[in-house]
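A, B and C are the chain letters, set down in written order, and residue numbers restart from 1 in every chain.
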Amino acid sequence: MNTMIHNTIHVLLALTLPPLLLGIIGKTKALFAGRIGPPLLQPYYDLIKLFQKGSVFGTTTTWMFRAGPVVGLATSALTVLFIPLVNGTAPISFTGDLILLAYLLALGRFFTASAALDTGSSFEGMGAAREVTFACLAEPALFLGLLVLAKLSGSLQLAGMLGNSLAAHWATSGAALALVLLSWFIVLLAENARIPFDDPNTHLELTMIHEVMILDHSGPAYGMILYGAALKLFVFTALIVRLACPVATGSPWLDWPIFVVAILAVAVVIGIAESTMARLRLIHVPVLLVAACLSSAFGFILLVR
Amino acid sequence: MVQVLDPLLIVSLALNFVALGVSRIRGVINAVAVQGVLLGVFPLFLHPDIGLRVVVLAVGIVCLKGLVIPAFLVHAMREANIQHEVTPIGSYMSSLLLGAIGTGLALVFSYTLPLAAEHSDLLLVPAALATVWTGFLMLTTRKKAIMLVLGYLLLENGIFLFGLLLLDAMPFLVEMGILLDLFTGVFVMGIIIHHISREFSSISTEHLTELKE
Amino acid sequence: MDVVLTLLGIGIAALSGLPGLFMARTAMSGQRLTTLLAVLGAGLGLAGVGCFWIIGESQPLVLAWSVPGAEFNVAMDGLSAIFLVPIFLISLLGSVYGLGYWKQTAHPENGRKLGLFYGTLTAGMALLVIARNSILFLFGWEIMALSAFFLVTTEDEEKEVRDAGWIYLVATHVATLCLFAVFGLLRKSLGSFALTPLAEGSLTPAMATAIFVLALVGFGLKAGIMPLHVWLPSAHAAAPSHVSAIMSGVLIKMGIYGLVRVTSLLPAPPLEWGTAVLALGVVSGVLGVAFAIGQHDLKRLLAYHSIENIGIIVMGLGLALIGRSLSRPDWIILGLGGALLHVWNHALFKALLFLSAGSVVHTVHTRAIDRLGGLAKVMPWTAVCFVVGAVAICGLPPLNGFISEFLIYVGLFGTLGNGEGASFAGVAFAAPALALIGALAVACFVKVYGAVFLGTARSERALHAHESSPSMLVPMSALVVCCCLIGLVPLLLVPALGQGISAWAPNVKDAGPALVTLAPLGWITVMGMVLIAVLLVCGGVLWVRLQRSVVAYGPTWRCGYAAPTSRMQYTGSSFAQMLVNLFGWALRPRTHRPGKLTLFPQKTDFHSEVPDTVLDDAVLPAFRFGARLFSWFRMFQQGNIQVYLLYIFLALIALLIWR
């Protein structure tokens, strides 16, 4: 299968699958709670409905409020091009692309938080403050994990770090990689506003980080935010999938389905994690994020000793 | 056999951090109990020949550290009406960071020690030092007496890990470790907590300073 | 040719303020003439640099000079060229900005002084960058330092400004003292005051370490490396904004220039130097931005961000030093390349931020962030300039801050492949530290932009703000264009960076092409364009949908609250509260809480502040202790003329005995 078809499947999958992840997480949480829950495809219906709706804009808002969803969606969409979903290749890959990925997400965060402050409401300000604070602690954890992968693979491209040689490295340095996996899972929960950091279902200021930042958006802009958030979840989940099961059977007809099954399985795991844990008190969140940093740091120390 | 040991040691190191970081006493009890169970399983991997004695020992340690002592502690919590919150001196973050620094130093320090050839590659010595440090940290930075007991148990787990190095040389070391645990169970909890609770109607160690006159 | 042009530029810049002194105090003609001359001087200087880059090499110029031991030896090389560009560019833009910001008619008592010293500051800095003789270097350095002092104390009727000026003066003279020692030791080893590289083995390790440490302290004081940064926040906050722009953007880089020049002279640096410099960079970066988050004063906050960015530059320099110790040319190229590019980038976006901040302060007459708000609606161009500066300083793509941080990241990650011993693990940990710095910077600038420009106005003054005049907007726009250009097409700068790196480490050949091979800047350009394209597409889709659907306007929902006021918004301090608490061990915030509430509570207040820990808890108490100690010597100061005659007599006796 030549590169062109491979990249096309990559892009199509990355653009269509993410809302399904949200649907699966919702369904898993519902099943744990003894409910039937919304249909699996509900996020798609939501997005379609939102794009057809009208909008309400606050009178305090400026162009930043319109720019927030646009930048959030654009940056999330661009980051999916770097992750090697299958076979250790990604559509765009160059030395140092991992840094561009992290900083594109930071760009999205800057504009989303600024859009939140644009409304002049204390709710959004609260969410924006918490969002940027927790990101400060989650970024080093992500980079420490990348250090481990860079050391193991000797490459500075995401496609190389999460490539086919990872399976061999699991056998030799499994402990370090397990610590990185744990750390990145915590970062996934933090960056995508899952329990124990944030409860995406409630709308109380006690529990909101992401939900409250987007409280005033409506219509197509809100749809763009939802879609961008789904894409971001997809990026982080794909990282976990590539780290946890770097399978390369050699045949693309097997690889792609295995990847899809694996990413849906990780979505189920996220749903289980959300259903079995309680949301942390806000003062304990930095402790958990520092623990994630330390986990990756120890993975790195184990490698270099 | 020894390849399995390293990941288990890492899990035990991670449990140190869980014990330092969680905010409920039951969480700390669970962490120490799981660590104890893990330690109980180690002699099975380190002993060259797995005979009946080793299996009985392992089962005994698992029961003692994993079931009996945690049950005693939970019972003591209920009897003395202890609040479930861990109250650290300082903050959770500082305990966690001090534990991390100690573990890092343990890793570095263990390289300078003249170990026997078969032990120098394992994480056994660094994990033992780190667990001892964590136990010490918990003893010094927690206010409630039950947390002191848990710190002592952690300290003891660390010493037990050290003792595993000498398993071939001193075969009855493990049995002595079990006896030490029994000492903990009977004396420390029964007497000290009971007495502190009777004397001050609370088991915060802050009141113990009144004893200095 | 290029050196002559530069010298001509320096001369004109130095004299640019002089005609204004003789013209009327209350007319604009003097200031216009000064600005014209300053622009001319800066233009000539930039032409000189351009000449050097086109020709590719340069001849030193030696003129006679009557000062003993010194010679007027100036030359241009890759390093000097790189540092000259920000000097002249920011000076040019700042002078134009001053036409609108510090109008002579509005400030008759200090406008001409400001124009005079702005020119001499530019001249002093440019002179020290091209000097190849220690005495000439110090000459330029002192001109720069004293001009900056007079500029900082422009509004010396305010006590706060006077205090800031004194702290700055003490710090800069301690720095000059250290520099005297450095150049004295260098002369001892070299035999002359020339600034030429020393041969291997011509220095004992003790001498080399002494020179390095003194240089680090002296230049670090000027650059603002923690913990030597104590003068920076107050000085940059107290000065007029275009002065803060040139101080923050260019003056502190002279400390970096000095450090880079002295380390290029010393042969074979040991590994500890590079590691120490890298560690200092990490500390400055993290604590600089942590302090910045806690500030309420707009310009003080920006000053602390300068400390953070100096930390990043120093990290790159540390990596380059480590590369030199371990003979790894790729680390040298990436580390120094990133550091030098960040010198440019920081000059550009910090000047942009200070000029925008000045634009704000000019209309609302307050620097307190928590008294502003909603300014984006009344000052749209300033808001756009500020947000471009904010995105650039956070190192976000597609602007220029990302490029230099990218180079340093690739360098730091590259140390994983092949290193030795403890320093290698430590070096790799600098990468997550840089990530932490970046995330904290994002937090801080969301806070600043949100509190100042977004939301609703929190006070009367912010309600009555107005947009600034074109003479202030044009320099800001020029800087915006530069930031975008460097961010999108960094390949343009690679030849200049390559020449700078080769000037520092002569054994690294072809630094420019090697830089592009190590860090794929072409890909960055492509991705920048792709990002802009995707942004346009998404924005277009949204715009089309908004056109076709119903759009209504209403008040902000606020979860249904019916009667909101502007006081209910999140202030800057509340935004930063979690991070300030997290870093409370370093920041030591002071809060004044309301007292106990009684039955009929009186009006009370709450305020919190983050003073500078090093200044307030270490330096000032130490100086006060020293003052108490030295006041013991006051007993010799009797005021009695007979006693003084006695002292002279005793001194004569002592000299006679000693001979």
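Convention: contacts are C-beta pairs under 8 Å (C-beta built on N, C-alpha and C of every residue); 3 or more make two chains touch, one makes a residue touch a chain.
This one's a predicted model, so the numbers in the text were calculated from it and none came from an experiment.
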Required minimum of steps from chain B to chain C, each step between chains that touch: 2
Which chain is the middle one, judged by CA centres? C
Report, in whole Å, the distance between the mean C-alpha point of chain B and the mean C-alpha point of chain C. 51
Measuring centre to centre with CA averages, how many angstrom lie between chain A and chain C? 36
At least two partner chains per residue is the criterion; list those residues in chain A. 286, 297, 301
Contacting residues of chain C [partner chain A, same complex]: 373-374, 376-377, 383, 387, 390-391, 394-397, 402, 405-406, 409-410, 413-414, 416-417, 424-425, 428-429, 431-433, 435-436, 438-440, 442-443, 445-447, 449-451, 453-456, 518-520, 523-524, 527, 530-531, 534-535, 537-539, 541-542, 545-546, 549-559, 564, 566, 568-570, 574-579, 582
Counting only contacts in the complex, chain A reaches chain C at residues 51-62, 64, 66-67, 69-71, 73-75, 77-78, 92, 94-97, 99-100, 102-104, 106-107, 109-110, 113-114, 117-126, 128-130, 132-133, 135-136, 138-144, 146-147, 150-151, 154, 156, 203, 205, 215-216, 219-221, 224, 286, 293, 297, 300-301, 304
Residue ranges of chain A in contact with chain B within the complex: 174-175, 178-179, 281, 284, 286-288, 290-291, 294-295, 297-298, 301-302, 305
How about chain B: which of its residues touch chain A in the complex? 6-7, 10, 13-14, 17, 21, 23, 92-93, 96-97, 100, 103-104, 107, 111
